[in-house]
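Chain naming follows the written order as A, B and C, and within any one chain the residues start at number 1.
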């Protein structure tokens, strides 16, 4: 039985999913490109870090579930979207500071979306639930991890903020929905939107995870 | 012909192997979690670096030999063991300094065990001997490498200590045993214990590999 | 239809390709080993960074196109060549400064060769053209990226120099040749040599990619 039910595999739903996915790719690429501009990388470096930030999580997901070649290489629209978004940041990054809040909201939306699609793809490929939750989380945090490693930083997601925990909670929710056979368009959108909302509240309230006492 | 012979595939042997494997996972996770606590990563960062230190080598091994999804995602006991060990370090790390010698002994045992199982899995998957030795070595050093990269350090295994060379020697021994058709429970345990012993002697005597003259 | 045509699959051509490939491996290993010696890594670290610099790009390529185990593990000649070249650098690195120009020329030749073989392998495995170009480029820059990450540097290929862009341009040329059904021994050699020449001119003229205005 597939991991999702009902009309989620209709043409309209798939087109909607592709558009949402590409928006997530563009936003994650912009985060990578911004970090690369800040480190004074050259034009190629900015495009490359943007590509990795946007598609690194999905490439890892596809390698782990055995879907080769990964979607980032199999469908040109992903790479082209990531590179165009990175080049836009390279060209217009001074003006982007004004868009900072928009970018944070879109990034939170990408977090929800990538976690849902990553978890479903893993379940569909036969990965058991605990593993599928980890794959779903890695799909949404993997790109940011790689971005930080490429720019010489200890990954931000390991240091502060409530980000990966939101992804993990959302992946668990998606696995439960799928196990209950109610993973349809409405419940999955609700899961993605809840993740986005929790992430935004965590940002606004400056929630952070505990650090070990010395 | 399989890479191992005799009673190594009996239920009792497999249960023993699983328990030994999970102890190795717990110890490697503790090493990752300790490094993460030292870098003041948050609770999630500690759990994540512990997970990667424990299971990164095995994930790399499984991707290279085409065993997807990797065991770390296919069997929930591995991820749960790694995370629980990491959380224990997060909670009780000040007391762990007293256990430092125990941890070093268990780490040496993990080195021996992971090298043996990694090399056998590669041989079983049809990787030729030289490649299988490299895969066996990567299984035991890959997690520590990833731990150091995630915490912003040049990997310790590349800088000092006799660690990877012990793994490489052990992997060669396992390949020879398998080629001679004498890779059974007793000879493989002997190989793992020898690696553990050599590693402990190297630690005690402070053996180190040469550095190039400037 | 295969990605290459004509006599490129003859025994003589394949032997020539293997020898060229191993020269590329040796040169890339030397670049990794030099970086490792400079960071005062030990003998094992020098061999390991050399191995990764030489074969990391090809391992990534093979994982992405589903060719497991990767060639670096399936054919012992690759690993042995990389390790021997690294050990030679460890032993004779002071004298290598005099060979610096030779190494740069051989590195440029490796860039051309690895890009051509990487792109062809991806096309042959059914990766669509845009993805195959990315895989071809990653084949030639992946090892250097991993070398820099292992030695604690932000990858040079992202910061300066015309290197990856040459690879990308060459990969596009190879894809077009293959699409036109004229990817034979002569045109592919011409593509590799053109890449090498452009890279050397870029080095000589100190061309560099633009950096974003602050």
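Rule of thumb we're sticking to: a contact is a pair of C-beta atoms (placed from the backbone, for glycine too) under 8 Å apart; a residue touches a chain by one contact, two chains touch by 3 or more.
Note that the structure is predicted; figures quoted are calculated from it, not measured.
A turn of 120° superposes the CA atoms of chain A on those of chain C, with the angle given to the nearest 5. Of all residue numbers used where chain A meets chain B, under half belong to both copies. The two sides are thus made of different residues. If you average the CA atoms of chain A and of chain B, the two centres end up 30 Å from each other. Taken residue by residue, chain B touches two or more other chains at 63, 149, whereas all remaining positions touch fewer.
Per the touch definition, chain B reaches chain A in the complex via residues 36-37, 39-46, 48-49, 59, 63, 68-70, 72-76, 79-80, 90-91, 93-94, 149-152.
Of all the residues in chain B, the ones that touch chain C in their complex are 63-66, 122, 125-132, 134-135, 145, 149, 153-155, 157-160, 164-165, 208-214.
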